[in-house]
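As written, the chains take the letters A, B, C, D, E and F, and residue 1 is the first residue of each chain.
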Amino acid sequence: MLHIINQSPLNSSTLDTCLNTAAGGDILFIEDAVYAVTKGNAAEAKLKAAMGKFKLHVLLPDLEARGLGDRLMDGVTGVDYGGFVDLTSNNKTCQSWL
Amino acid sequence: MLHIINQSPLNSSTLDTCLNTAAGGDILFIEDAVYAVTKGNAAEAKLKAAMGKFKLHVLLPDLEARGLGDRLMDGVTGVDYGGFVDLTSNNKTCQSWL
Amino acid sequence: MKYGIVVNEGPYQHQSSDSAYLFAKAAIEKGHEVWRVFFYHDGVNNATRLTEPPQDDRHIVNRWTKLAEEHKVDLVVCVAAALRRGIKEENLAQGFRISGLGQLVEAGIKCDRLVTFGD
Amino acid sequence: MKYGIVVNEGPYQHQSSDSAYLFAKAAIEKGHEVWRVFFYHDGVNNATRLTEPPQDDRHIVNRWTKLAEEHKVDLVVCVAAALRRGIKEENLAQGFRISGLGQLVEAGIKCDRLVTFGD
Amino acid sequence: MSDAKKFMFVNRKAPYGTIYALESLEVVLITAAFDQDVSLAFLDDGVYQLKKGQQTKGIETKNFSPAYRALEDYDIEKLYVEKEAMAARGLTEEDFLVPVTVLSRAEMGKLMDEQDVVLSF
Amino acid sequence: MSDAKKFMFVNRKAPYGTIYALESLEVVLITAAFDQDVSLAFLDDGVYQLKKGQQTKGIETKNFSPAYRALEDYDIEKLYVEKEAMAARGLTEEDFLVPVTVLSRAEMGKLMDEQDVVLSF
């Protein structure tokens, strides 16, 4: 399953709940959630720990809009909107963690 | 100063930021923030610790709407909308932590 | 005391407009003056005359209109925020007027208290 | 593949409508079909024909209209959510239609994928 | 029901502060009317939606919580509550308006993976 | 400025995910035009508003961050950033578009207490 997260990790419990609950699969960070996968963000350690269970992706246009295109942490794949579409078609289902 | 909080403590960082930043004064919990002052909520301990620095109030109509009128933790004063108005007039300024 | 109130969210989606209204009503009952309510961000959506909530639900827009009429509350909708969201004279409810952000700053200057309701 | 998209927030206030639009455009460019976009909650505010964003900003409503016209995307606004928020035939933008929640369920049933954008 | 899809509604938001819980319920009922396989999941603040004793007169808003009791009439009986979410809020099954199945996080995650359509508002 | 009020704008939200940062800036400029004493406080995700290098072409949205550079032209020079918020996001003063004063939480709280009007969006 593809898990889509759109909330900032330091402002909302969404990331924690997804990491703790979801059985695995792909996670895509969009909108304000892209801050989660930037170097130095307090969420960095927990995402590194989650990499065994989940494959992490980030929507690059959202990362660049926020001035953090050069801060992507290692092990996270950047995608454009086309890549976002591919993630939804390659997974049988997707869930937006709203 | 009166600090007004309207976000649930387990969903948002707002309560933590207010407790860590504000110099003291009154805090009023309204809307989804009323969950913070209910017995058994994970925020209970940090609010007890904050009682020396802040005076805590909750908007009762919001607490009752959520079915928790009988779960108010000790040391928190319940007010109606009139009491909310009094809190704003008795403090020189108020800040909504949006 | 003279109060100003700011509403940042639209009706029904968030509770902020309800909270602002009930606060305003309570302030008036306590003998205070609610001089102005300023609607900003999605708050401008409180000013559409086209809402038709279900029969058993509160009518948020009409409540504001009634408050304005009975207690001379100045309901101001920010013009820039309103244009972005499709609120104009043609769908503006009674009791509201469209004006600039200066009206918000003026409320901050002239009122004894400014209370904000949002998300 | 056949896609359904759900939009839960209004234009400008949240990014969700932008994200949904850019996703829809990319899906079409990849050769997929965007069968229906369903606007729910404050998402119904994407359907007002009255928005006038600043000249240097994107026009979110017109973008949806254009997408519908060029790619036969069915833009459906939930009638119950729309009535609550003041979206009706008289202020409905071109390319949108108002209908019931069954249209959302139908999208869930008939589409290969349903992607939700919200807050 | 042989060609029915499995729809799961994930509820993570508290009632009244926002409208999502109420408008989500409306979709749930319609989905059942389409003879689909409907499950409701309550996580995080979503568990508060099911709290007994909601009294909304003081906020002049309709109390929509009785609608959860009506779900049974639509043959919607799969209500799942995440155990950890319930515990962090000091709630027990006794606090809920309707009978629910309490699941651990791991069980909830597994159930999500079995769905065809996951909707959250 | 003798009868000016002290207005503080508290910014706790990231840009682009929501419109609050942009529309808040518009109020800041108008408040300065009314000759009031204006301060901006950046806490939590609000510190991201000031990040250098925002490139919004990919999301087809206007990059409004240059407006922070224009604040100086309106004599708005009191920009305060909370130190702990900056650190938790891996940011330093070098990352910001404009010069700011970095304050500890305690200093920020004290400054808030000195205001006449506190606005947050």
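Please note the rule applied: contacts are C-beta pairs under 8 Å (C-beta built on N, C-alpha and C of every residue); 3 or more make two chains touch, one makes a residue touch a chain.
What you see is a predicted model, and the numbers here were worked out from it, not measured in a lab.
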| said: Over the chains that touch one another, what is the least number of steps taking subunit A to subunit E? | reply: 1
| request: Starting at subunit B, figure out the least number of steps needed to reach subunit C through touching chains. | output: 1
| said: Show me the overlap between the contact partners of subunit C and those of subunit F. | reply: B, D
| remark: In terms of CA centroids, furthest away from subunit F sits chain E
| So which chain is the furthest away from subunit D, centre to centre on CA atoms? | B
| A-F or B-F - the one linked by more C-beta pairs in contact | A-F
| Separation of subunit A from subunit C, taking each centre as the mean of its C-alpha atoms, in whole Å | 38
| said: Roughly how far is subunit B from subunit E, centre to centre by C-alpha average, rounded to an integer in Å? | reply: 27
| message | Can you work out the whole-Å distance between the CA centroids of subunit A and subunit B? | response | 33
| Between subunit A and subunit D, what is the separation of their C-alpha centroids in Å? | 24
| request: List, in ascending order, every residue of subunit A touching at least 2 other chains. | output: 6, 10-11, 13, 31-32, 61, 80, 93-94, 96, 98
| query | Which subunit F residues touch at least two other chains? | reply | 13, 16-20, 44, 59, 61, 117, 120-121
| note | In subunit D, the residues touching two or more other chains are 8, 12-13, 15, 19, 22, 41, 57, 80, 114, 116, 118
| Tell me, which pairs of chains are in touch? | A-B, A-D, A-E, A-F, B-C, B-E, B-F, C-D, C-E, C-F, D-E, D-F
| remark: Touching subunit F in the complex, subunit B uses residues 1, 13-14, 17, 20-25, 92-98
| query | Hey, which residues of subunit D end up touching subunit A in the complex? | reply | 1, 3, 8, 15-16, 19, 22-23, 25-27, 29-30, 32, 112-119
| If you look only at subunit B, which of its residues touch subunit A in the complex? | 10-13
| note | The residues of subunit A that touch subunit F in their complex are 6, 8, 10-11, 31-32, 35, 38-42, 44, 60-62, 64-71, 80
| field | Touching residues (chain side subunit C, partner subunit E) in the complex | value | 12-15, 18-19, 22, 56-58
